[in-house]
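Let me give you the structure first, and then I'll get to my questions.
Letters A, B, C, D and E mark the chains as written, and numbering starts fresh at 1 in each.
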Amino acid sequence: MAYNYSNINDYDVLVIGGGIAGIEAALNLAYQGYKVILVEKDLSIGGKMIHLSKVFPTLDCAACITTPKVSETARHPNIKIYTYSEIKDIEKLGERYFTATLVQKPRYVTDACTGCQLCEEKCPVVVEDEYQWGLVGRKAAYIPFSIANPRIAAIDIENCTFCGLCEKVCAAGAIDFTQEEKRSTIVVKSIIIATGFNLFQSERLSYYGAGKFKNLLTSMQMERQLVPTRPYNNVLRPKDGKVPDRIAYVLCVGSRDKSLGNPICSQVCCMYSIKQAQLLMGALPMADVTIYYIDIRAFGKGFDEFYKQGVGMGVNFVKGKIANISEKENGDLILRYEDIDSGVLKEATHDLVVLSVGILTNPDFEKLFKTTPLLKDDYGYVRQVSELLSPSKTSIDGVFVAGTASGPMDIPDSILSAGAASTEASVYMKGGAS
Amino acid sequence: MGENQKIPKILVFSTEKISDPAIDLAGLLKKHYPPTVYVVNVPCSSSVKPKWILHAFKKGFDGVFIAADGSDCQYSETCTFNTGEIVRKTHDLMKKKGIEPSRLKMAAICSVCSDPFVKQMKSFIEALI
Amino acid sequence: MRCRIGVYVCMCGSNISDYVDVEKVREIAAENPCVVLAKTTMFACSDSTQKEIIEDIKVNELNAIVIASCSPKLHLFTFRNVAERAGLNPYNYVQVNIREQCSWAHSDNPKFATLKAIQLVKAGIDKAKNSVSLEPIMIKAEHSALVIGAGITGMKAALALANTGTKVTLIEKEHYVGGRIAQWNRLFPHNDPAEKLVKTLYEEIIINDNIYLYTGAELISKSGSVGNFIVKIKIKPRYFKSGYLIEQCIEKAIESCPVEFDDPFNYGLTKIKAIQQNHIGQFPYYPVIDMSKCTKCGICTDICADIDLEQKEEELELNIGAILIATGAESYQPPSGEFGYGVIPGVITLQMFRRLIDLNGEKLIYNHKQIKRIAYIYCVGSRQYDGENQYCSRYCCTAAVHTSLIVKEKFPEIVNIHLTRGVRTYGKQEILYNKSNLQKDIYLQFDDTPPEISEENGMINIKVVDILTVKKTIELDIDLVVLVTSMVPRKNKELENILKLPIGRDKFYNEVHPKLKPVETMIDGVFIGGNCQAPMNISESVKSSLSAVSKMNALIGKGEIQLEPSLATIDKSICVWCDECTKICPSDAIIKTEYNGKPVAEINEANCKGCGMCLPVCPTNAIQLIGYSDVEIESMIDALASYSPEFTI
Amino acid sequence: MGKTVDIIKEKRVVSQEVKDKIKSFNKIKKEILKCLEAGQKTIPQISAELNLPAETVTYNLMTLLKYNQIAVGEIDDMDEYYYYNLKQ
Amino acid sequence: MAKVNPDFSVELKKFGGFDLNACYNCGNCTAVCSLSTEENSIPRKMVRYSVLGLEDELKVSIDPWLCYYCGECSETCPQDANPGELMMSLRRYLTSKYDWTGFSGLLYRNMSAYVISFLLIIIGIAGLSISNVFSQEEWLHYGHYLEMLAIAIVFAFILLPNIIRMWILMVWNKEKKFSIRKHFLSLDVLFIHMFTQKRSLSCKDDRDNKVWWFEHFILVLSYLLLLFTTVFLNWFNTENMGIIVLGYIFSGIIFVVTIDFILRRIKKKKEKSTFSHPSDWFFVIWLMLMGFSAFIVRMLIDFSVLEKYFWVYLFHITVLIQWAIIIVPFGKWTHFLYRPFAIYFNNIVQDTKK
């Protein structure tokens, strides 16, 4: 059967998800001469990584690594990016092609936006800022975050009061409330799934009081407190703005826990907690940092050395899972645990506690396909049908998986996995089997 | 060491692929060394001209340090010898000009030798005071 | 001289601005008469700042820019690209490292860090003033690759390269492909048979027209550079005239061979002759004579006419665009006495144990004794307290846990006891750990005190301080101790010397950057994949190898490569042809020519690597290196020396 | 430049929740700004003065900080709380 | 120094132990347990000892007796290792260790032993009644003495020596310098815990636990009082209206509460009633039957129709004897004694240590 869709569309590969894995895969393919369409559901590409402070074990700042890759992707002639867009109804067309529906959601701001933030300044609405994980507020007309790409404002229509101030002040005339959802059909030869992961919702754990106790942060919130554009300008307790001096990390929150339905290890929490602990020791030289762990999984290149470095810097490591947390009147938190080394039940008071939340699958990929579903594994991740020989192969020929969509992994592993997916896609498009 | 004494200034010729990463690593790991150490990079430690070294002394540098590629050099196995020759030649020139030869030093700094680099810098500064 | 310079001082979030007063640096930079504009910026590398710089260059007609930020290793090319997009020659861009070599190095002393930053920026401005516009050199690149090592990493990479249109030469030092995994038989996490894996890959390789596979082959020399490497390969003979042997005689020949020795494949559990057939899971299925053991007695030649003991090594020269190193790792060999290894019978390594499981039928017998209780000691050769292997070897916890599952499946009566230092079955591998727990394996954990092993009446006695039982000393009577040995870098000095491979702290080959360039090495065109870079499991090795393939394809797929134009130049008017430079040049890049009737030296641009070794030896200072000219270097030295701040103790 | 907002106004309604949120933010914002007119204060001081929970003050104050209406001052003598003041 | 015995967990499984090997030693169970204290951190240590099979340590442990099985540890165990059920099994295991006859162990490990011994008693009683050795009146008269005798023998030859064995394990083995005076001074501890189980109140802070405690409390009380009423006040033969009414009340309470307990075990809503060992069923059902049959017997007496339904009395006496010579000395009943004694002995040891 001969299909000729070049007149409809001009892309070879569809990459779903604009996180670090999607970006890397797109870049790899673009440099090999393939035309890539990259679709991201959020307002900016860069995924979760762009929001991190520094990354282990080299401690380079995440922005310094992500932003160049992000801008490289954005201006690569072979890559077309659609942000705030989603893919639906993928179907296989014959042997070699896929069709899919691209849904572009309206952001009510056109490309004419210069990112001047005047609209943001004038907007009277304040809602919780999801990019700062609720630590501060943001406006209803807003630039998602300072290093967002594209740096174009968006209007949060659910929270908009239609006061029209933004439209009035925008010199570029970029505000357009008439925008509507756009749908188009695309045809590609191969697809890379890089939909990433979801973080474990710590509110599920009533015995930790997450969501109830203000001085209980998730690791992502702490990550934001440590970035240069940190919401509080210093590392502070959300409850009363105090500088913390006894900080605790609770590991395996939502991971390695059958009672929560997630028996597997999230692979990154030990390391990012050790990293944050080291950064905190730098930011708050007087603070004590304690990490409560079950097992420290410092397995990658340079990881164990990094762990030892943490020990050397004075981070306190305590073996024992935190069973529950209670709050004192002044906002301090009491952690109850068994100190495994001595076999004794203990209670410790900390003035700031970070829950090192684990990684769960992002089930979005299940909704992508119209007729034949993409198979998943026992833990809800995209199933790798040939884990050893072709780690990025999925149950559908021509569809490949990159990054954390196939299971928990750290950034270097995600990047390698994206490399593998791009090579497999390229082999597939050349018609060979790899 | 007296009060308000000037800290000796050191010019380091470092190589892009071998010793630069080590010096960067020292910074990354916050291993401190005196701030009067300035790094100028060159492709290979065997490419440092004696002329440049003498120029540095003339302009007021108290010491010059060549972070040599040693056996890690990717261009030639004779790199250590070549760099040694440059130092020997420059020492002769320095003697002629009445500059203390101990003000020029060389040592191999590998691409992860951040500790040795910091130690070298500290001891060199000590020696120059 | 360039005198319309733009200066950007990056705060790098707060990485720089926490210690360096960036505003002050900017102010002083702005005082320079050649500086048209000076700005500070939160993230110079961010897209918005990049756009701003481009805009600035265009609007202010800048002819050079200086960005004071992080190490050029990270972003030199990012900003050169920015310059280029603004229509400025990328070589008129100078990057000043005020992060790694200033704010971070002197975070203990913000005042001095600021002073130093000021001088570094001044020097950068001076360098920019004297910078020359250059065009990168384009060279033709061979669309072919050399893959060294035909383990699973190398085989997978070769196939992927070949299937994307690259000609591949795959060389393997051993006479068989498949590397280490054939010895493991069943592989975690899904118990895939290793033999099938290797067989699938091998069969695909031999039918692929784009792959040339040489077994018994080693790299002996490399010259040239990225896109145009010339490599020499030595191929050992198999000592058989034809590859297609008459099956009847080979068995007899093996039988007749008088030389018998411990089979390394089975770690001495079985014997092997100097004439060998391959084991299950090893391909190709051809016999070979191990000449290091053969006494050339000639008995076999009488049986098999096909045997020719006089065959010679062959050499092959190839033109190659890029090289992938997939030489894998070795397993740690414990010194005699470590946990009783080599001293107490019944202490073996995990690798040997895997062979033992395979070679045993219904009961597990070792040393004529039926094994009922096994102790696995973890972290042997990794995370050492005093030894040099400080790293965690990543794969071994899961490998040992998986082995215990296989043991229990095959020999249900056996009790597995694990002595760990914290089980690191990361990710989905946790399930294997859980399974092992549920099959009633016992886990003990030691920390600072390694377990003591002794032998009593044929039983091995282990004493271990178990931190999971309040540091109680636990005693075990054991039949077999399995040392869970780590992966260690392969000792291959020759290859390292030939390729000049950078080696990391843990002695594995080092990537440029774990996130930005995870499979690239400092040597352009030479890539690394799999276990030669770091310990990893099969799936991870394959990922890294396929990643390398994608980078290699991007590099050589287009048929040409862009190179740095930093070459040496010779001022022929002052050259006196003393021949010193030709003697020292390591890349044959200086040739003799004539100028105004006198013999002078000239640079052969295709060969020059820009190392600069010729510079100091020239008696008349006739040689300059582009980008490192006297003016550039000396103006930098001037700038660094000029400002004499209060650097006092 | 057309007034596209008028078009959407006809299609969608603003929920009561959004209206309440604006109201409460504006009220707290006014109170905090007024409270700081008298000079720099720490979060517990503002909280005590306005009789608002400290966490509410933190959230809203930090939002004002983000939108440049407030600046961070020195830390107090106990090295516990930062002072905040109005941005000129 | 302790030797590992990997077979122990297999052995313990017969007492009802769960997948204790699933434990990865996070300590969650100890920390989540509201009865856990710095001095007595339960239950992970017990899980660990059981996994390793350190019987010497287990035998002298008090920990299993400190647990009232609120089930919180099992609910929150990340590995589904069910430490709560393990503690329950360990109590059975310990009961068998204290018992010098070894019969406890046999019954716990072997359900058929239970059934056989029950059957033997049924056959014995049936045989006696068929052979007409006793008249109905004699039955009523001697039945009462038989009961007394059974209680005396069980106490003197089984329970008392077992408690002495327990004392040796828990006090003598640990603390040779125990004080006799302390033994007297701590007696209040023994009785308070024996009759109130007040520790269990702080077990889990929810309504259900309080309800459970209350039910258990009145059950114990009613049981003891019914015992007293029947054995010492001779309920079945008395004419005293007060005693008669009391007997009705006590046996009624036993009947009602045990029905509720049985329902709990059937519904399995709460963690503590999820797993039922045969010994649990025997205990609660026989207690129910005892209360029920006593109630009916007295009713038959009051309506003067006992003669007509004399088999009911025989049924009652069968249940009673099964209870008295099997469940009381060797079955679950013993926790009524062992638990408070364990707390009492622990109190002595801890005090002496101080």
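Heads up, the rule we're going with is that a residue touches a chain if its C-beta (ideal position, glycine included) is under 8 Å from a C-beta of that chain, and two chains touch if they have at least 3 such contacts.
Quantities reported herein were computed from a predicted structural model and do not represent experimental measurements.
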Q.
Farthest chain from subunit D, going by mean C-alpha coordinates, please.
A. E
Q: Name the chain with the Cα centroid closest to the overall protein Cα centroid.
A: A
Q. Using each chain's Cα centroid, which is most distant from the centroid of subunit A?
A. E
**Q.** Chain-chain pair with the highest tally of contacting C-beta pairs
**A.** A-C
Q. Just curious, how far off is subunit D from subunit A if you go by their C-alpha centres, in Å?
A. 29
**Q.** Inter-chain centre distance, subunit C versus subunit D - centres from mean C-alpha coordinates, in Å
**A.** 53
Q | Approximate Å spacing (C-alpha centroids) for the pair subunit A, subunit B | A | 44
Q: Please work out the Cα centroid separation of subunit A and subunit E, and write it as a whole number of Å.
A: 55
Q.
Could you pull out the residues of subunit E that touch at least 2 other chains?
A. 24-25, 45, 79
Q: Mark out which residues of subunit D touch at least two other chains, giving numbers and ranges.
A: none
Q. In subunit C, what residues contact two or more other chains?
A. 423, 434, 468-470, 504-505
Q. Where on subunit B is subunit C touching in the complex?
A. 1-7, 9, 11, 17, 20-21, 23-28, 30-33, 35-36, 38-40, 42-44, 46-52, 55-56, 59-61, 72-76, 78-79, 82, 85-86, 89, 111-112
Q | subunit A - residues contacting subunit C, complex | A | 28-29, 31-33, 55, 57-58, 60-61, 63-65, 67-72, 74-75, 115, 146-147, 149, 151, 227-229, 256, 263-267, 295-305, 308, 319, 340-343, 377-379, 384, 387-392, 407-409, 411-413, 415-420, 422-424, 426-427, 430, 432-434
Q | Partner subunit C, residues of subunit E touching it in the complex | A | 1-4, 6, 9-10, 19, 21-25, 45, 48-49, 51-52, 54, 79
Q: Note which residues of subunit E are touching subunit A in the complex, please.
A: 24-33, 36-38, 41, 44-45, 75-80
Q.
Quick check: in the complex, which residue numbers of subunit C touch subunit E?
A. 373, 415, 417, 423, 433-434, 437-445, 463, 466, 468-470, 472-477
